[in-house]
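Per-chain numbering from 1; labels A, B, C and D assigned in written order.
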Amino acid sequence: MSNYASPEEYGLADLLCCAAAHEVKDNEVVFAGTGLPMVAIMLAQQTHAPNLKLIFEAGTLDGRPPEIPTSVGDARCEMGASRASGLYDAFSIAQRGYVDMGFLGGAEVDQYGNVNTTCIGDYLDPELRLTGSGGNPDINSFAKRTVFIMVHEKRRFVENVSYITSPGWRVKKWPGGEFVHRRELYGAAYRGGPSAIISTLGVFRFDEQDGHMYLDTYHSGSTPDEIKTQCQFDLDISRVKGATELPTKEELRLIHELLDPDEIFIPKTKKS
Amino acid sequence: MSNYASPEEYGLADLLCCAAAHEVKDNEVVFAGTGLPMVAIMLAQQTHAPNLKLIFEAGTLDGRPPEIPTSVGDARCEMGASRASGLYDAFSIAQRGYVDMGFLGGAEVDQYGNVNTTCIGDYLDPELRLTGSGGNPDINSFAKRTVFIMVHEKRRFVENVSYITSPGWRVKKWPGGEFVHRRELYGAAYRGGPSAIISTLGVFRFDEQDGHMYLDTYHSGSTPDEIKTQCQFDLDISRVKGATELPTKEELRLIHELLDPDEIFIPKTKKS
Amino acid sequence: MSNGKRITLQQAAEIIKDGSSLTFSGFTIWRRPMAIIFELIRQHRKNLHLIEVNGGSQTEFLVGAGCVDIWESCWVGHELYGKYGANLSRKVAEKKIIVEDYSHAEMLFRFTAAASGSPYAITQTSLGTDIHNPEYDMLGRAGLRDGKRIAKLKYQFTEDPFYGAGSQVLVPAAKVDIAVLCVQQVGEEGTVRVNGQYYSDPEVARAADITIVMAEEIVPEEYLRRNADQNTIASFEVDHIVECPFGAHPTGMFGRYDVDGAFLKNFYATTRTQEGYDAFAKEWIHGLDHISYLEKLGWPRMLKLRANTAMNYSPREKKGGN
Amino acid sequence: MSNGKRITLQQAAEIIKDGSSLTFSGFTIWRRPMAIIFELIRQHRKNLHLIEVNGGSQTEFLVGAGCVDIWESCWVGHELYGKYGANLSRKVAEKKIIVEDYSHAEMLFRFTAAASGSPYAITQTSLGTDIHNPEYDMLGRAGLRDGKRIAKLKYQFTEDPFYGAGSQVLVPAAKVDIAVLCVQQVGEEGTVRVNGQYYSDPEVARAADITIVMAEEIVPEEYLRRNADQNTIASFEVDHIVECPFGAHPTGMFGRYDVDGAFLKNFYATTRTQEGYDAFAKEWIHGLDHISYLEKLGWPRMLKLRANTAMNYSPREKKGGN
């Protein structure tokens, strides 16, 4: 008598979004970026975490948008918010340590959870310049933990990212650039790091001591061995717990009827 | 056919207030403390400087109070203001260099314009603890020039103030405490210093090169020689220009009918 | 949606333990959380460490009552109703209190640093003054600079490496246990709307580990959230809320009531000695609660202080406090 | 009381000289001063140095037109209407532009420092990332770090001397010649009231040496001054004002109109090549003025974007931009 959706009822984006939503606990202060992270957080707000406090980077504090904003600068963010102000407030609050969790995205990730959103190829002669960091490294530096949502392709799960935009568990110590544990650099500002990478194939977590990524759960339709072949580094699949929890029918209803009916971030699945 | 008031029509506080008001130019951004400075600045606003922009330390920007506030935190400050916010704004704007002039008070002053509002006697074993600095050193550090309004007593015009609360033209260089020119310490933040001390006896200015105070004008009823005897340091009276301009009848009317009818800061003069 | 943030005046005071570091909303004689101050005095709180952007009547009441061991700030007095802090001055002369002097901007930037999670702030103020006299580092002299809640150094000079702008003064973040605010409105979930100047309220609320907000009225959260851009402090920055009308008296509140100048003048005049303070406290603090305090003040007095809605202050109150 | 701050769109653009450093109000695709951006492109402005808390459509329009030599910021794109900055990306690949990357918080704190007159700010963000890779100091590599308008160093690490909190990142104040804002209301004397999120508008206005405010409407100053606590920027921080309804289009404005997603989608799709950009600019920028631009957009389009007063956004605009 499960309420879980059957495979033909959900798409990968649904699975991703629900898995991400499950990372949030009630009453937490959560900082979410534009796109899927926003849908995931609002899904959590509609389900198990009605008292979470949502911060949008552009300056909305404890927002309760009745419909999904197109971006964090959107006028929709302010509806029902505790305070609408600006970036100084959002980043000060984050740096002060109020944020339990950040929800982010990325183009490339390495085995330590270092994420790249800046460029593909040599930074000094790039193949492709991307958007740049935005608040990704900031939220990731300030929050107690961060969750990344990513498309899974082998070219995105790499040995070394082209550019470390956002810090993982082992990061570069300048001026030399040797990898050290994040804790060593952040001192009193150390609060944690990436707690999960949720890709279109599985959910990955990190050994906080040695900083390495491991597979926690695999999404229905893939296997740990297959996922391992989709990473350029040697993914630890020894700690896998099982399959990722499926979306429920209610979650799918909330995503497609309430949060994103216009399929702005999450396409509807054609019933077969 | 002068509009100047006759001696029996004004008191020393009137003279002080009017002399202070004359220090302001139109269109300037002025930062005024509570008390006589506030009356002086509002008098200027009502006479020759209608476009001056008045900042109150508690967070009122470009205020146009219709009646004298009791202090800079007063609700009266906000009437007609461009923006009411807080101290962060007021001090950021000041440190950014917007402020042309600051209007301040003090308990003691030395020959370099160093002012004390902190204590009388040895700081470590004081005869009398006063209010403390307030924003006096800040406004004085940030503004292009500052004007002080003080009661003139020999015990207040001293060789060395008990405590330098607010920096004059020659100040202490720490850790040693030797006197150096203000310019040497402030670097790029150097914008000027005290431009006038207006006491109940005269108007004093400073040689900006050597930092020494000199008598600029004496108030009607006193003489340069008498004023010199009312200073513990060797006051330069060689540059005196003449008598201080008297209050006009209109200025007196504004002070006593419009600005301070309740004699909160300036007593009315009994007609003889 | 309420979430249990509402407490009583008594409970608010009980959260503040002996030895706590404490800061307040408001400015000199405006929007000070006096009802909680009185309750702290009734509860005989001891060894408090006040860290204030500026002091005012609240400081004088607490200091006079002997609640305070350390005062870090820049100014104390009652504005035109009392030239200086007579109680503080007396305790300083008697060496019963440690005073650490900063400038006003330094105090403000110290709170700004704490509020934005920085260990210190950069300013260019007060160079050349005795505020930076190394002999006058009173917390250092007392051996209290443990580098935990009290910074290792009072300040540090450094040079600007970016533009060659010269000497900068670094001042440590103001780390405080508890901020007590007094405002016009707070929502059931903690959203604060301050009317008029907000002074340094947003900074002190965010800097403190625990933030208590006392308001003239607790309003439906949803009412404040209809205009989020008019609110001052976000819900999650506030831990406890207290409804207490006229809670700032004898200090004033924009849009609600003026400073009670006569009350402060009398306080200043009668508390220049400890005996005077004790008698004043006996009459106005001990043995009363907030309602009996208001009863004692009486209607005519409060109606005179009441602000005119269009002006946000009282046109009836004679400003000189007579 | 007016004081001659009012100028035209053309005059506003003329104040911005070739080689100026420039920054803007808004956030990515919201409240960008597009009408002035278009005018700058019409006037063939060159060698601009953009220093932005974040980039957005305004960046892409200026960069595509070849107006920009240096871009210091952290992000560029059109949110969901264009994944990244295709024009910037092309110019980067062709090495026709210098990009200096900071993090978002670093950029914000750089402006906060400039706005409060500090030569630099302290943060603890982005430690361990390539943002701090010394090889990637692009202004340094180009020999442009003169220590005057461009800081001698991109950043500097230091240790906290007060609480032993560890590594701090010092970042230089963002020194900019001109800030161009786009807001809902400005008073005749320059008082600005922003509705909704104010993003980093107060900081950029105060950081710049010259501040130009373009508003949907210039309102009587006295109207704004009736509620001083609802205003965002003080009169004297603003040097010039311009009235320009729909001046932010195709970006959006809280309470007035939504982002024109279809317009931005089309811009993104067609300007991935320089030829595409030139054709787009020929159609939508050159040879038009603001009114003929609005005429070209047409009433149905603008009415669809128009915000609902109760919601502050348009319930009619399909958010996907189709």
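The criterion applied here is as follows: a contact is a pair of C-beta atoms (placed from the backbone, for glycine too) under 8 Å apart; a residue touches a chain by one contact, two chains touch by 3 or more.
Note that this is a predicted model, so its numbers are computed, not measured.
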Other chains in touch with both subunit A and subunit B: C, D
Mutual neighbours - chains that touch subunit A and subunit C alike: D
Of B-D and A-D, pair with higher C-beta contact tally: A-D
Distance from the mean Cα position of subunit C to that of subunit B, given in whole angstrom: 27
Between subunit C and subunit D, centroid-to-centroid distance (C-alpha), Å: 38
Sequence positions of subunit D contacting 2 or more other chains: 117-119, 123-124, 160, 163-165, 196-198, 229
Junction residues of subunit A, two or more chains touched: 60, 78, 84-85, 88, 91, 94-95, 142, 188-189
Overall pattern in which the protein chains touch one another (line/ring/star/complete/other): other
Contacting chain pairs - touch in the sense defined above: A-C, A-D, B-C, B-D, C-D
In the complex with subunit C, residue positions of subunit B that touch it: 34-35, 57-60, 68, 70-79, 84-88, 91, 94-95, 114, 118-119, 123-124, 126-138, 141-142, 163-167, 171-175, 177, 180, 182, 185-189, 262-265
Subunit B - residues contacting subunit D, complex: 29, 51, 53, 60-64, 78, 80-85, 88-89, 91-98, 142, 188-189
Subunit C-touching residues of subunit D, taken from the complex the two chains share: 113, 117-124, 147-148, 151-153, 156, 160-165, 168, 170, 172-173, 175, 194-198, 229-230
Touching residues on subunit D, where the partner in the complex is subunit A: 26-31, 53-55, 73-77, 79-80, 83-85, 88-89, 92-93, 99, 101-106, 108-109, 112, 123-136, 157, 160, 163-167, 196-203, 252, 254-255, 258-259, 261, 307, 311-313, 318-320
For the subunit D and subunit B complex, residues of the former touching the latter: 1, 3, 114-119, 187, 189-191, 206, 221-222, 224-225, 228-229, 231-237
